[in-house]
Every structure is written in structure tokens, then in C-alpha cells.
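Sharing a structure with you now.
So that you can tell them apart, the chains are marked A, B, C and D in the order they are listed, and the count of residues begins at 1 in each.
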Amino acid sequence: MMDKLSNLPSAIADIVRNEDSVVLGACLEGNIPFCATYELIRQGKRNLTMIAPISDASTDMLIGAGCVAGLTGAWVGNVSGGLGHNYRRAAEKSMPHPIRIHDYSNFTLAAALMAGAYGIPYMPVRSILGSDILASNPEFKQTTNPFTAEHEPVVLVPPLKADVAILPVQRSDRAGNCHLWGSSGVTTEAAIGAARIIVVADEIVEAEIIASDPSRVPFPGWQVSAVCQVPAGCHPSPMAGRWRRDNAFLNDYHLRSREVEGFQAWLKEWVFDVPDHAAYRAKLGERLDALQIKGWAPSAPVNYASE
Amino acid sequence: MMDKLSNLPSAIADIVRNEDSVVLGACLEGNIPFCATYELIRQGKRNLTMIAPISDASTDMLIGAGCVAGLTGAWVGNVSGGLGHNYRRAAEKSMPHPIRIHDYSNFTLAAALMAGAYGIPYMPVRSILGSDILASNPEFKQTTNPFTAEHEPVVLVPPLKADVAILPVQRSDRAGNCHLWGSSGVTTEAAIGAARIIVVADEIVEAEIIASDPSRVPFPGWQVSAVCQVPAGCHPSPMAGRWRRDNAFLNDYHLRSREVEGFQAWLKEWVFDVPDHAAYRAKLGERLDALQIKGWAPSAPVNYASE
Amino acid sequence: MSGEGYSTQELMIIAAAREIHDGEVVFVGMRLPIMAFGVARLTHAPNAVGLFECGLARYEPAADMLYTMTDPPNQKGAAWATSLFQVMGLLQGGHVDAGFIGGAEIDRFGNINTSYIGGHTRMKVKLPGSGGAADIAGMAKRLLVIMNHDPHRFVQRVSYVTSPGYLDGGDSRHQAGLDGGGPTAVITDLAILRPHGRDHELHLASIHGGHTVNEVLARTGWDLKIIPGAAQTPLPTAAELAALHRIDRDGFWRNKI
Amino acid sequence: MSGEGYSTQELMIIAAAREIHDGEVVFVGMRLPIMAFGVARLTHAPNAVGLFECGLARYEPAADMLYTMTDPPNQKGAAWATSLFQVMGLLQGGHVDAGFIGGAEIDRFGNINTSYIGGHTRMKVKLPGSGGAADIAGMAKRLLVIMNHDPHRFVQRVSYVTSPGYLDGGDSRHQAGLDGGGPTAVITDLAILRPHGRDHELHLASIHGGHTVNEVLARTGWDLKIIPGAAQTPLPTAAELAALHRIDRDGFWRNKI
């Protein structure tokens, strides 16, 4: 199998282009590759469209840093603090520049990604009937169910495919075959529909480990473009069995990003003055160590023997 | 949690009613609960509609035994032998009585079950465009994609929900929380959409075993009606990590079911003269022992610790 | 503190817990509802199931404090860890009895805005958006709302309907294609409101101890009517308080909304 | 045996293997195609991926003999074990390069019947049905067909199109909404047929050693035309035969179709 191991700066440089649509984290509040958020900012990527149901403060950071032209999502803010200050400034005052907002709910975004992944021409749903999401996002169409005699409104969700999906997993082999456990959000749909996938692995393991449990694989490894090993690449978001959430870090970001100046100072301290993720981890120091899960609560094994 | 442990004859008697639509096995050629096939025949269930993409000779047996009035599926035959003789007799000569055939392809059946499970009003697909399945099954509707300027035909698949899904798994707790590994076919969609679920577990385990790995759970345990422990309940079909396929058994069935008399003799030998599955296993004897997987190829463990 | 041995937050959580019936499947989300789920499980609803839109279902509440639904203690020992589509699909499939949401603005028909103050064409404040709230409001068989009773939040008509309540009242929710559902309780720091009458307008159903009808009316932005027989919200029982203290040992969630 | 050190079955498997290009994602199904996939992986296509509609993907072919795609050796060491919807969804999503199917009847435009001999309104024989064949024929970028060359199976027009080929020829497949795809090779025990010209009618492309054009024409139910330059099907190489013998040690699949 192809060796796709890369380092994160190279993978971001080679695989993410200005104007791309990018899924950066697909598990809602957890498994968000903040390491890639920081690297996109460092490399000065521009005019990205961020796709995510919820990616906590990551999206707010990218907006404030001027990387984002469009938002396709259900929620942008700071899960610890509530509102996203950079999101507000961009939406309300076009600071640092205007952004196009494509409103979705969580379920309709998942449905759109599913349609994109599996070539479904569009996905009929009912869950946002009556919502003004239908007014603010004209990409949805409303129709009636042709299978029912009674008038039954239906919303049609068009397919959505990202140019790049950057997806954290607990472990991957060098070819992009990986294991993800715990809740997976929209990971599978986002990956399969994406033109290019960057796997951000907390750990690189031998191919035999992944092959020992094919039911744990979240998406086809052969579709992966690059694999980057970044321990704690999700910090400050949590990862099942690996890292707890750094709530204080996100609260601090929330407070400091309230004003542009504070956000810029935060950005300098945690992104621009930190050359790479190893330096970021070193800067976190004992704080990161305290977030690392040291316990061991193993899954009961299953047998794949064939004779 | 509720204790739902039952024995198979009671569960079939209480939960499956004449006229019901039944998913009996959802993993195609594997994990088919033949133990339930035999029990449905013994109990003389009538006018069932069988739903399955492919359930190997199980469906053919039920048709020959006179249990089936309708077929909603993609393939009925004998995977080892090819044609299903009872299916042919029923379709071609209304023997033992006529059956209604609702033609699907594998993907459209999965799409229909997915729509049924998740309240999707209908599922647009493209995969059977041009096929006469659209002619022989008028339940599909053809339309055009309202999102494309060009004329783009789309097939709309209506939702499908079973009255009962009988689903084998490798292990379950007494409340219906279970683990399934290997390919899962349409198990999840069939289960979630079904009004009642019977889990046929190769092994009953402590709740802690299942809870140790929630990512291995194929469908919500709280939706399960009954759990039956039936070791080798899938015989002669295979089950990952547990049982190999008894190809000779299915070949023998194929040869003997060629004529009605031969089928009746087969049915007497393997169903009516065998009071229950324990007796069936005893009758198989060493043959079953030879099919049991004795090797151990464990999945690499994963960690769910939270601190 | 209300001076009665429990805080307002605690009363709200316990009132929310009482809205969960035994054996029900409930979208609990984060903050107060997850506490309410825990109290319900430990008291009158031992067979309730909690759902989380990230792709989790739980029988037992998580053993440790959660900041978010994806936190490791919520993953450990879950009843089901799967995708967002499957868990929210249960909702659209009619398998979910109730769901909790909060909001920045609510109106007399229980419509909720968490997207745009001022509406999307004349936005004054950009709020985070729906998340799963629109889906939960549309598809749960009952919607339970928890909000602080600020006058500028309880308005005649929300400027943007993120999460539909009864829309324009009457059968307008049904007309929009939403069969059933809609808010059945709005639990605030002052009172509980419930829809009443054919119009489904939110009425005052009970007042928490220490507050008055006039106070509630003054802090509601529409002409709030009172359900006949409205009384005081029943006090938390010792068992309910004990359950709550067992779940939120450090008081983290009881002290914020 | 053809008398050349290889059997007809072996030649068919090897000819099928040559239709798989390196790095491709291929629906291989059972019987001969799974052998072909194994030969391709071991010879010219080490990065091909095999898909199975039960919900499996594999890099390496299974280590032991398979009767069905769900057999334990196919599960062990798979690249992905998932649901039918996800694997067949890859197909509809445009992620699958080629797919193999067989059939009971095929016509000059490569349409295949595995459902009703005589058509569904005047059924003579009920065949098992589509399985995943209709989906594969509709959605794979290339369709590869393996069938025995019986005259009553190679017909002018199938009585029921389970799996669409080029339908009525010309642009009728495109008109039906199928962009691209369609059969590119029909591998029989006598020859290989391929579509040729704007009509996409199946033509004779190569003949297996030991057989004649007249024999092929006699066993084809339509007026089979010959592609200019049609020659003998290249003989299996020693490497191809060695790969095949490594995969099908017992000759189980080589001895049946």
C-alpha cells in the first residue's frame, strides 16, 4: 500500500488551496483538528468555505484570521463561551471582511454530505419544515411528497461535497487506513464525498492493527491523500480515550477574542509565535499532560478468525 | 435495563404474526437466522412478506413451506446452487400458492429501508435508471432532478419498514444491546425501521461487555423486543469469527428441493422431525463442530477511558 | 438561592426532569437538560434513554462532569456510539419522545430564534445558529424549552424562526407539514409556561416559589394569559435534590444557565 | 482443458483480470470475478481494491476459499467492513471504476436479464433477480460481464432488462439518465465481445485459442459483427497462471462458472 505519511505543514500546503471548501472536524465539539486550524492561519489561506455542523471555536479563529469567505454549517460560536466574537464581527460588520452564510441545521447538513458522498441527487427531509432556515438559505427547495395523497410538504436538500476533509482519528496506518471510535458525527459522509482527505492521526500504527478490525474503519483508506501524525492535534477539543477537553483554554480564547485587539494578541501568542504543533505542545507543557487520558478501559475483543 | 431474554419458539410465537412483513437476515449470504426460518415453518406462519436483499435458501424454504405471500427483495435463490426451486414453483406455477413479487435491486432495497428507518419521505436514487425493475415494480416513481438545469432523470424509492426484523448478532446482553462485526448489510436500517426486533444471539454476555465498546453496537438496544440465545442459529450460513458456511448442506438442499416431493422430505427431515434448534444441532453433530471457528484473531483493543 | 434550600437553577433542572417520562427517548443536549436527564433516571424514569446529536445514546448519565456532549466520559459506557445522521435520523423517524433546547428569543407561540436577532435580512446580532435545535423542534414528539425569563427574550414575535414552535398558532404548525410535536413546556427561572387552547399560545402554568404573577407578566413581552388553575411549581423533593447533587457534584452546571 | 496447459475457465479468469487496471476500485462479487481480482492484484494491479456488496472492501484477496462474499475469510483482514448502503453508495457516488456481473441472458447492446425469462408479464422462468447487478450495471464506470456463450443466452433482445447495457444502442443509455458506464467487455468461454461504433453494439473482439469465428457466430443469437483487427485472445502467461493457482489452490472455482 502507498505510504502517505506527511507532515501537517506540507500536507496543508500541498492539499488545501485558496477558495477550497473544507471540512475541518466532523465530530461536532470533539475531534476538531485545531492543529490544522492553526496551520491554515499560519499559511495565510484565503477565501475558504468552512463546512461543519459545529466546529467550536475553530471556525471563529479562521474567520477572525481572515481565512474564510463562506460558511456552510449549523452552528458557529464557542461551546464554552456561547457567541463567537469573530463570527459576529464578520457577519455584523464585515470585519475583517464579509462572509457568506449558508444556514443549515445539523441534520440537514449531515443529509447534504450524505447525498454528496453517495451520489444521491438530493435528500428529502422533513426536519426543518417551518423553520426560517428555508428563508435564509435559498439552496433548499420545498416540494410535496408524491407518494402521499394528502398534501405533505417536503424539503429537498442538495448534495454537498467538500474539496478537502481534514479528519482526526485516534490511530491510522501510513496508507490512511484508520480507526475511529466513539461518536463519529458526519465523519464518514464528509470523507467519502471529499475530493481530498487529510487524516490527522493521534498515533501511527502498523497496518496489522487496523486490519485486525475492519469494522472500526470509518471511511475507505484508499481515498485518503495524506496522513499526518499529530499527537493532541485536537487540543483543546476532546478525543475519546485520548484527550480531555481544555475548557479553560476555550474560555480564555472567548474572553480574549471579545475585542479585535485581544484576538490578535491571542493569535500571535498561540499561532504566529508558535512555529509548529510540537512547539505548541511544548508551550502547553504540563497543562497538556494533565489533559491526557492515562486510564485504560479497553473494548472487549472480538474474533475475526476464519477457521 | 429490562431483561428481554426469551426462547426462540416463544419469541416467534409472540412477536411474529400472520400477514407480517419480516426481515429475516439482513447481511446477504451471511448471518441468516435459519433457526427462525425453521421455527416459522414449524409454527405454520402464513401470508408473510419477506424483506431481504438476499437471504440465500431461507426465503426459498419459507416459500415452499407455504408461509409466504409476498416478497420484497433483490434476489431469491440458493447461493450455492443458483435457482431457488420453490421460488420458481411459486412464481411460475403458483405452487403451493401465488406470491406477490416486489422487485428491488440491493441498493434500492437498502435505500428503502434507510428511508423507513429515518423518516425520509422517499429516497432519490439513480442506480436503477434504465432497468425494467421500474416496469415490474410500480412502487418506484420516476421524476427529474429539480436542482439541475439539464433534464436529469431520478428514481424515487418509497420508504420501507418491516413489522418484524429477526437479526443475528455474535453477542448480546439480556436487554438487547448487542455487538455485530464484519459486514453488516442492511442490518442497521432494517432494525431501526422495524416495529419489533428479535435479536438472535450466538452468545449472551454480560452488559459490561457490550458497554465496553459502544461503537460496535449496530442498532439501539432499547428498540429490541426479545433476545434469543441460539448458538449456530445461522447454520448453514456463515457468521464472522464464529461459523463457517455449510456449503454441502445448501447443495444438498438445492438437489433435494428440485421436486416438491424431495423438498417435503427435506422439510420433514430437517424441520418437522426436529423439535427445536438444540435437536437440530445434535443432529448435525460433528459436522457442526467442524464448521465452528476455533481460531483466535482478536481485534486490537481501543481505549474508552475518560481520565 | 430561593431561600428554600434549593437554587433557582436546581428548581429548573428538577422541573425539567419531571417532563421526562419513564421509558422515553429524549434528546438531552448539554447544560441543564443533561442534568435533568440524570435526575429523571435516578428518580422516576429509570428506563429513559438520552440522545446526543454528535452520535451518542446513553442509559446511565456520564460518570464525570461534561463540558460538551463529545467529552470522553460521555463516550465511555454509552449505549450506542454512532453517527449524527443515525441519531438525528431516529428523531425524524419518529423514535424520539422529547427534546430539550434553549434559545435567545422565544415568542408567544413557542417559536425560537438562535440565529439572527433582527432577522436575516436586517441582522442586529449574529447568534451561533441552529445546531440541531431546528431538527429537534420540528421532529420530537414534545419540545421542552429552558430559558431565562428576560423581557427582551420573551417577545411577541421572534425576528427569525430557527426552531418552529406553533408558528402562527392554530393549525399553522400542521399546515407547515409538522404533524404533532411543538413545545409542551417552557421552563424559566420564574415560571413554567405551557401552550393552552386551540391557538397553542403559551400561557402561565405555574410560578416558582418566591415569584409573583405580576413579576412574570412584567418580564414577558406579550400579554401573557394564565391557565385556569395555575399554581405554584411543586417544590423539589429531597429525593430529587439528592439525585441532582449526586450528578453535579461540583455544582458546575447548577450555577450557570 | 484447451490442451494448451490451461482450462477455458482459467483463460476466462485471466482475461477478466486484465480488465482490472492498477489502482482501480472494482466490484468483484463472487465466483470467477473474485479469482480475476486476485490474479490482477498479484500481477499487474497491486493497488486495486475489491468491493463486495454485503459491505466489504479488500486490498488482499481472502486467504482461504470463499463460497460467498460474507464467508469468514473475506471478513478477516478486510480494508473496510461496513454496510451495504455505504459500499454500494460508493458506486452511485462515482467512486467505482468497474464492476463484474454475470447473467442468464444478454443481448447485442449488452443488456442483461437475471429476473424473468419471457419478461415479467409473460414469465417462463423466474430467475433469482438483480441482487446488486442492476446497480453495478447502472453506476460502475465500466461493466465487465462473464457468461457462457450459449446461443439461447446470447439473444437479439433480452425479455427483461435487469441490468442495463446500452439499452437500445446509440445514446439511449444517456437518455435514460445513465451518464457513462456500460459494458466494455463480455468475456465468454469462446471469445471476448466489446461494444464498437456509435451504436455500442457488441462486436467480436477476440477469440480464445481452439475456437473459430464461425463457432462464435453460430452460438450468438444476433448477427454478430467483428471488430476490425480482431485476433486471438492473448494466451495466459506463466505469471498469470501461477497467480491463479496460488489463489484457487483446490481448483474449486476454476471448475465451474
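Criterion: contacts are C-beta pairs under 8 Å (C-beta built on N, C-alpha and C of every residue); 3 or more make two chains touch, one makes a residue touch a chain.
Just so it is clear, the model here is predicted, and its values are computed rather than measured.
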Chains contacting each of chain B and chain D, listed by label: A
Centroid-based (C-alpha) most distant chain relative to chain A: D
Approximate Å spacing (C-alpha centroids) for the pair chain C, chain D: 57
CA centroid of chain A to CA centroid of chain B, Å: 36
Chain centre separation (chain B, chain C; CA means) in Å: 40
Per-residue multi-chain contacts in chain C, two or more chains: 56, 71-72, 75-76, 78, 81-82, 85, 89, 91-92, 139
Multi-partner residues of chain B (each touching 2 or more other chains): 119-120, 125-126, 152, 154, 181-182, 184, 188, 212, 214-215, 240-242, 244, 293, 297, 304-307
Touch-based graph of the chains, sorted into line, ring, star, complete or other: other
Pairwise chain contacts, counting only pairs that touch as defined: A-B, A-C, A-D, B-C, B-D
Residues on chain B engaged by chain D in the complex (per definition of touch): 27-31, 53-54, 56, 73-77, 79-80, 82-84, 87-88, 91-92, 103-108, 110-111, 114, 125-133, 135-136, 152-154, 181-189, 237-245, 247, 293, 297
Contact set on chain C toward chain A in their complex: 30, 52-56, 67-72, 75-76, 78, 81-85, 88-89, 91-92, 115-116, 119-120, 123-135, 137-139, 160-164, 167, 173, 176-178
Residue ranges of chain B in contact with chain C within the complex: 1-2, 116-120, 177, 188, 192-193, 211-212, 214-215, 217, 219-223, 304-307
Chain A residues touching chain B - in the complex, by the definition given at the top: 119-126, 141, 143, 145-147, 152, 154, 156, 158, 170, 179, 181-182, 184, 205, 209, 212-216, 240-242, 244, 293-307
Chain C residues touching chain B - in the complex, by the definition given at the top: 25, 47, 49, 56-57, 59, 62-64, 71-73, 75-82, 85-86, 89-95, 139
